[in-house]
């Protein structure tokens, strides 16, 4: 039996999959909060989203602890840190967005917000699908190519909404401020997914 | 006489304590600017706060130079960089907040700002107390636990003020913009202290 | 023939010079967009600026790939990453600023914006001049000293505009929001050049 110098420690891959699963939950709660009819509903969903973010945070800490205490890691230590941190940023921005909907009592959402959240849901799905492929390092290019395509769509939706917000006659400034802060967070979440894709691409290139 | 492979270089610990001392000065100037009655007073205090930030910046540069020129460091090189940088961020945000009070001629501060600054003063105190314990790596958990507790309070005060700012009937939009930017900086300062706590926790875990 | 352990790989220096050249192009397009008379002109220039940013992004990726695939690098691997990334941030902020001028249909620019863009043009010039000196590591201090001086000017111009924007009687809130976001991006671009200067200083200090 040969001795492998780079054992595929299942623990790491499972932790990455677990982090990605939280992104699915987060996107689901964001979708739910868009459909909320009352302030009580919004606050209840924002609370659930905050719990998802807390769980994601614990998964990230577990990954970091594992990296710091493992003698051998499946790929570069700094890259594991970077990927864990990037996944964590995705849920942080999604949670912040949901939190603003409740905090600012936003009941009439700009139309494009639904589009932004649909894109985030799709980004979470392809990320969850990709995490197990970190084991083989195979077929990962389809992941970062799809994320890049989705991020371009998110960016278009975001910019279209910015133009509508600011170029509309007689818009209420405080409402514009609240809506801008919300769509900024959703755009930041999409950018965070692109950072995840960049980290995965960088790892795949190094390991090839 | 034994030869130690990891000599406890006093220079590093003194530089960390010196950085933390600037945080106490910064929080004191922020407290002073909240009590200022005239624009001249605000500008004078903002100038003093800027001088504190410059001194803190020099202390950070000295730490970075020391890391880059030392063959042996008391703990991981990247961690010293990270901790120095995080301490620097705290004072940067405190200085930016004080600067806004003067620049925007803010005379009627939102009530919760006093609470935010009290929390920052307390955060600076526990940080100064903790720095010498980097030597022994003992009793540091009480530090990051307290910072985490204080950051949760800061976050509550911040979010309460956001809701008041935006959900108030007939608020002047430009005043809301100025106040929001100020409380954002104070919240960023509290978050920066939490980053300091995370860095210290990470170092303590590695060194244990 | 002697064998050098740290060969001066021309490829790296050329890539840094190429990145810096994009900063000159970016600053030129920003200058152009300030002089645009129609929305069509603004959009055409914003498109050109976006193309410059794409080229700069590809140059950054090429640098990162080169670092990841080279056995020996002319200076510390992390520093090459850091410098490439900092140069990339400069063009990202310049592109974002130009994009806002078109997106928000900004036709009456605050007076100080011309000053900010002049400073960015000068910063790009001194950066392009400095890149070849990374080879010898000689005469680099004049670079970071000049960038620091220019950044202080940019900061003054920025702060003067903030005071004018917010302390003006009867200003339209939505216009203030658009202008603030624009000058924030231009200030972020100036800060990004200062980060480039810090990275170069850090590299020069280590290599001396």
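When the chains are written out, they are named A, B and C in that same order, and each has its own residue count from 1.
The rule we apply is simple: contacts are C-beta pairs under 8 Å (C-beta built on N, C-alpha and C of every residue); 3 or more make two chains touch, one makes a residue touch a chain.
By chain, with names taken from UniProt: A, B, C = Phosphate transport regulator.
It should be emphasised that the depicted structure is a prediction, and the values quoted were computed from it without experimental measurement.
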Review point. Taking all residue numbers at the chain A to chain B contact, is the shared part over half or under half, that is, same or different?
Key: different
Review point. What's the rotation, in steps of 5°, that superposes chain B's Cα atoms on chain C?
Key: 120
Check your understanding: If you average the Cα atoms of chain A and of chain B to get two centres, how far apart are those centres in Å?
Key -> 28
Practice item. For chain A, write out the residues touching at least two other chains, lowest number first. Key: 173, 177
Revision key, fill the gap. Note: in the complex, chain B contacts chain C through residues 64-65, 68, 103-105, 173-174, 177-178
**Study point:** Contact footprint of chain C on chain A as seen in their complex
**Key:** 159, 162-163, 166-167, 171, 173, 176-177, 180, 202, 205-206
